[in-house]
Each structure stands twice: as structure tokens, then as C-alpha cells.
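Listed after this line are the structures, all set down as C-alpha cells.
Two complexes, one shared chain (subunit A), two partners (subunit B, subunit C).
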Partner chain A sequence: MKRRPGIEANPVECTRQEIRFLERRLLLKGALSVGALSLLSGCDITDEETVHKVLWNMSRWNDRVQMALFDPRRLAPTYAESAVTRPFPFNAYYRESEAPVVDGDSFRLELSGLIRDRRPWSLAELNSLPQATQITRHVCVEGWSAIGKWSGVPFRTFLERVGADLNASYVGFKCADDYYTSIDMATALHPQTQLTLRFEDRTLPRSYGFPMKLRIPTKLGFKNPKHIMAIYVTNVYPGGYWEDKGYNWFAGL
Partner chain B sequence: MTRGVAGHSSPGSVIRVHPLTVRITHWINVAAVFMMAASGWRIYNASPLFPFTFPRDITLGGWLAGALQWHFAAMWLLVGNGLIYVAYGIISGHYRRSFLPISLNSLLRAFADTLHGRLSHAVGEYNALQRMAYLGIIAMVILVVLSGLVIWKPVQFQTLGALMGDYPGARLVHFFSMAAIVLFVVIHVVMVLLVPRTFVPMWTGRARKPL
Partner chain C sequence: MLQAMRAGVFAVCFGLVWHASADQARVPAASGDAVSPPQDTAAPVDAGQPMNLNEPMQGGMKKQGMMKYDVRKSAEEKDEQMKEMLEKEAESMPPMPAQAPRKK
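Up next, the complex of A and B:
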């Protein structure tokens, strides 16, 4: 089950596919016209834009449902060391050889937004904070899953340390590979949400997100940003790389 | 031994075989199952469980994110409609009248009758094989929904997930219950093609007892 992000995940490819399948989808909608779409949307089934709008609105509705279902104290299952998937799959919208190279010595994590103390953090400073380890299941939006061992600073500890506004709605992430995503504050404060610095007791390798990633065992894989360069806290919906293309934003497990 | 929906009526008379709620929820369910299956196949293709994928032409959504949007929109239709149907079936006595009793004996007898080409097909009354098929498909839809819940929320519904072998187990349960539903649909449609006079009553609710 080797996944090259290529076919399903490459954004350029997706756009081309979209066009290629437009005709087919119109055909499919013709087949669906037996009340199905009108029941679902209550609107003109010949209108491609309307269908898209309904599906996007349903996805926003599902965000709210998931927020209600999310129990901030329920822990994701943890596993024995022997259950760890080896080799742990690489996954991104580019090939493994194209993963960004970040210089750990000069690296400074940038903070902005609703945070009291916004001075940048070096890796050494982050390593001096309290650390925790988890063996949890990473679930990809594509369907596959893998168990890994991650260590780092509980994200809640970090947010409290820098004086983030814990009543704000979102925490956003900007990454060295131009990836970006955002999560809800409730998930950011979940006890297993982790600013990860190590994978299997070694410094987080480049493939898995050096210098740091955010590990969230209560969210799908694409909500676990790698190569984080900047973190910000905001009340303005920040979206995300895949989320803006159509993946569900909350994506909770 | 059994009472049909119609009770006792004379040959040639028009009887009500499908209650209105059953007819409405049936056709909504057709649309919901179609959307769930076609988008689900597209999602399956993103990370196949087995060494095959579904032909793109019969999938819905265009790409993974589109298929997921369809799947997680249509699930409300499937579940909402299904809850109405099951609640109606239980409260109105429709299930008790149409599907019960069902026994191993009656099933074996119906099976033997089939082999001998004399399985009963009384209008307004289901034979034991039909009863088993309809109860079975209800169970399969419940299973596909429960395993879908575990795949969607393996952390929040981890107790239910533990019964299915965690997240990877739930994917298998979801796949095979889907396969069972598709198999049912194929047989169901073939049966209607073989006995076309059963089609119109699913819209009108009425059928004429043979003379």
C-alpha cells in the first residue's frame, strides 16, 4: 500500500482531473436526477455550482457536528512499542526527496497573533520544556493508517507558557514546505496534542517533519502539519492547504 | 400461519401491499445508497484494501475530497431516512406483520420449495426467503452505518471500534457490509426484472390479487 501522493493528492493533477471528470459528473447527476439531488439540496440539479455549494455547506455543518462530538478529555488509544509500523509511511503532496531542508541551528519558531510573549523559540529552548511520548495511530484521509511513536512538548504546555489566548477559536500553522493548516482551540488543548521534536526516540527526521511537527492523534493526518515555521492564534478562520481544496476542516477522529 | 398486509381478500380485488411510509423511504433510500456506494468506491480507490479498484466511471465525486463531501453529505440522508423507516416498521407493526415469524424450519422448507420450483409468491405476503433477505438487508445497513461511524470517529467511538478490531477492522467490516448491500441490490433488481408486476406497486402501494 505505497502511497505516492501523486494521483489523488497532487493539486495540479486534481485540477486536471476535475476538468476531465466534469463531463462524467454531469452525466452522473443526470442519473441522480430521480429526486436524489433535489431531495438533498432542494435546488436545481442542473446547476453544478449549486451542487458544490450544498456539498461545501454540508461540510461546514459536519464541522459543527464534529465539534459537538469531540470530547476534550477522551484519549486516543495508545499502543505497545511492538505495534509501531515500520517503516512508517512518508506522505506529503511531493516526493520524499523534495522534503524541505531546515537548518536546526539557525531555526527559530515564530509566534504571532493572540499570544502575549511572541519572542521566537530555538530548538534547544523547546527541548528544555517538559516532554511527553505517545504511541498512537496516524489515520490518513485516504483510508490507510499507521502506528508511530512521537515525543515532544504537550502543545497545551507550550500555549500556556507563551501566554496564548486560550479562549481564541483557532491555532494556525505555517510550514517550510508552504503547507498550512489550522485547528480548533479545544483540540489544541487536548492532552495528547503534541509539539513533536522526536520520532522513535531520535531527532525528528526530515521526512517526518524536521524541525518539528504537530502530532494530533484526534485528527486526520493532514491536520498534523510538518516542518512548522510559525504558529499563530486567531479568531479569524485560517483554512488550510487541503481544506481550501475541499477536505473537511475539522477532520476529527 | 401468516397474515399478509392485506389480510384476507378475494381473488381479483386490489389490496394495499406497501404502506406509504415504506414506499417513500424506499425510494429515498435508493438515492442515498447509490450516492453512498458510488462516493464510497471513490474513497476506497484512494487506498485500496484489496488488489483492485473500482472503475472511475461508476464512482461519484471526481476526486477524493469531492467523494468525501458526497459521502458525508449523503450519510445524513441514509441515516435520517433509515431511522424513519425503522421507527415506522417497529411502531406500526409493519415488521411484525410482514417479516415475522421467521424460523429455521420455514427457511429450510422455502429453500426446498425453491429447488422444486414451487416457492410460494402470494401477493401481499413474503415467503421465508424474502423475510430473511429483508431482515438481513436491514441488519447490513445498520452494520455499514456502525462501521462507518468507527471509521469516521475511531477515537470518539473507540468502544464500538474495539468490537470491530479497531480502525483497520472497521474498514473491513464497512467494505464487506457494503458488498452485502450491493449483492442484495443486484438480486433485488434481478427479481423485479423477472417479476415486473412487483415494480408498480412499489410506487402505488397497490396490487391486484391474481384470479
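Up next, the complex of A and C:
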């Protein structure tokens, strides 16, 4: 074995140091193997429960790493109005004609969990809150993206207004099309996360999520729920439809 | 040894983040889309039709054999799981101080 520079001339000390280097190398090799093994989680290895459990725990750990790396002040790129994709693609687990029909007059947004003022909100009340507009890119996990113009209430403003516990861990959403998902509080408070009520300066069309959707330009498309009917704040991990089926929960960009 | 453990943790983190970015976020370049969006992009339809729950899901996220009613079933199960805890959490919240009535 080649002697590393700086190793003591004393043979006993020398051997100890050589062993330490060996241990480091072995540990690094082992760690890299675990990292490489994690790549296999994209493959359909087996349906065995234990494997699923290991991969699930790995994905949750992945979420924690992404949460640690998330910079709540870093903004997603914005674009000029000329860059808006027309027509903006429709995407859901159902056909466009099957998008839910919600009566805007009788609609009331339900609130629950760690929120002080849980009175329901009408669309008129939501429209009276401060509004903002963004032109951002929607990125789908399927591999396509499109730029859209969305307007609505900054989600942070809404959460503050209803007295949500901003130190809670999660915000969850229930939708008229039965879809459900949840996000971390840091993303909920991000300046570009928006409770969207309009698309291209018009009332949000049914295909794009009427009466409201959550627009999160820092996350993949499936974390942007449409047709939101209820919002809750909680410290219990709520998961989501696709997330419970194995898609990554944090899904950051 | 401590340094080696730190390096190990870093390597595992790197592997996982790499995996996540490769598997989840196949983000197209800003200059153009690598993959075409779904073709079902006609102008928004105003008159809806009820969703047929007893047929396979649409879209690219589904796995083989997934039906539309799976979403409703999962949503009901999730509601059941979360209900009690959300009620407890709601009870733990102090009342809201008096505020001006909402504008309409």
C-alpha cells in the first residue's frame, strides 16, 4: 500500500492511520452504493411491502432534503405577456368535458384545522382581498411545460387573514374533482404562491380550475390543485393522491 | 471517522437529490418544450358532463389499471383518516380577535 504524505514514521501510528483511511474509503463506497441503490426506486422492482416501505421512507427523506434546500425568498422566473402559451394545455385524470361544474353563487370555501377564523368564504369575499398577477411557467411531471398568466390572492395574505397557524407544517386541499394534495408551510408562504381566481384577466375557466386553484410556480404541476373546495392547516402529514401512489411529495423545481 | 460519516451522509443526500431531479422533474429547457403538452387543449368547454368514474384514468401520471373512481375512494379514505385530528387541531386554536366584517 502506498504511504500517504504526512503519515507518521512510527509504524504503529502509521498502521492506525492507514486503517482509518481504509475505513473512510469503505464508508464512502458504502454510502455511494446506498445513493446508487436509491436510483433504483424509479424502477418497478417488486411489489413486496418491505421494498415499498424502504422506498417510501427514502422518498420522505428526499422530501426533508428538498425542504432543507428550499429558499423561501428565491423567486421562480417570470415572463412577458407575449410568452403566454395559447391555448394553455388542459391536463387532468379525466377529459376536459368532465371537469367539475361548481356554482359560483353558492360556493363557499371551507376551512379547518389550525385556523382561528374558520368561517367559510364566498367568491365575492375572496375577490375583495388584495390581488396580484404573475406570468410563470407551469412544469408538468410528464415532461411538458407552458406559460400562463394567473391572478388572485397571495396565499400568504389569505392565511394571515384567516389566522392560520403559520408555524404549522402542512396546508392541505380538497377539490371538487375528488383530487387532494398538500404542501409545506414554507411554500404556502412563498411570495409567488397564489390562490388563483382569474386566468388571463378573466374568471378562472372551468377547465383550469374554477372557482379557484392554487398556483405554485416553485413546484411541479400536480402540486397545483384545481377546483379547491376546502383548505386545512395541520401538523399531521396529509400526503396527496399522487403522492400516496409513489410520486414525490415535495416535488420542488 | 466523524468526517467520513459526514461525507457518507453527503453522498447519500446527493444520490437522493439526483434521483429526485432525474425522476421527478424532467424540466424542459426554458427556450422550448422537450415534450409536447397534451393535445386535448381545445378552448375551455362551458357545459360539463358528469365524470364517468368506471373507466380508466386519462393523462400521463396514471399507472396501469388505475380507474377514475380510485381518486374518489382514496379521497374518502383520507378524509376519514384526517377528520379526528383536524377537529382536535381546530379545538386547540384560540378564538380570532374581533375584525372588521369582510367586504363583499
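FYI, the second predicted complex is superposed on the first by the 203 of 253 C-alpha atoms of A that agree within 3 Å, B and C clash if a C-alpha of one lies under 4 Å from a C-alpha of the other, contacts with A are read in each partner's own complex, and residues count from 1 in each chain.
What we mean here is this: a contact is a pair of C-beta atoms (placed from the backbone, for glycine too) under 8 Å apart; a residue touches a chain by one contact, two chains touch by 3 or more.
Keep in mind the model is a prediction, meaning the values are calculated, not measured.
> Looking at the overlay, what does A:T218 touch: subunit B (first), subunit C (second), both, or neither?
Only subunit B is touched by A:T218; subunit C is not.
> Quick check for you: in the superposed arrangement, does A:A76 touch first (subunit B), second (subunit C), both or neither?
A:A76 sits against subunit B, while subunit C stays out of touch.
> Kindly classify A:F155 by the partners it touches after superposition: subunit B alone (first), subunit C alone (second), both, or neither?
A:F155: touches no partner chain.
> One more residue to check, A:W144. First (subunit B), second (subunit C), both or neither?
both
> Is A:F173 touching anything from subunit B or subunit C once the two structures are fitted on A? First, second, both or neither.
neither
> Is A:Y247 touching the first partner subunit B, the second partner subunit C, both, or neither of them?
In the superposed model, A:Y247 contacts both subunit B and subunit C.
> May I ask you to decide whether A:D165 touches subunit B, subunit C, both, or neither, giving the answer as first, second, both or neither?
A:D165 contacts subunit C only, not subunit B.
> Quick check on the superposed pair: does A:P89 touch subunit B, subunit C, both, or neither? Answer first, second, both or neither.
second
> After superposition on the shared chain, which partner residues are touched by A:N235: those of subunit B (first), subunit C (second), both, or neither?
second
> See if subunit A has more residues touched by subunit B or by subunit C, and give me that chain.
Larger number of subunit A residues touched: C.
> Which parts of subunit A are in contact with subunit B and also with subunit C?
On subunit A, the overlap between the subunit B and subunit C contacts is residues 24, 28, 32, 34-36, 39, 58, 62, 66, 69, 77, 137, 139-145, 242, 245, 247-248, 252-253.
> Could you pull out which subunit C residues touch subunit A in their complex?
Touching subunit A: residues 1, 3-5, 7-9, 11-20, 22-28, 30, 33-38, 40-46, 48-52, 57-63, 66, 68, 71-72, 74-75, 78-79, 82, 85-87, 89-90, 92-96, 99, 102-104 of subunit C.
> For subunit A, which residues count as touching subunit B in their complex?
My answer: residues 1, 3, 8-9, 14, 17-18, 21-22, 24-25, 28, 32, 34-36, 39-40, 54-56, 58-59, 62, 66, 69-71, 74-77, 137, 139-145, 217-218, 242, 245-248, 252-253.
> Where on subunit A does subunit C make contact in their complex?
20, 23-24, 27-28, 30-32, 34-36, 38-39, 41-42, 58, 61-62, 65-66, 69, 77, 85, 87-101, 112-118, 121-122, 124-125, 128, 137, 139-146, 163, 165, 172, 174, 177-180, 205-208, 220, 222, 232-236, 238-239, 241-242, 244-245, 247-248, 251-253
> Quick one: which bits of subunit B touch subunit A in the complex? Just the residue numbers, please.
Touch residues, subunit B against subunit A: 27-28, 30-32, 34-35, 38, 43-49, 56-57, 60-66, 68-70, 72-74, 76-77, 153-156, 158, 166-168, 171.
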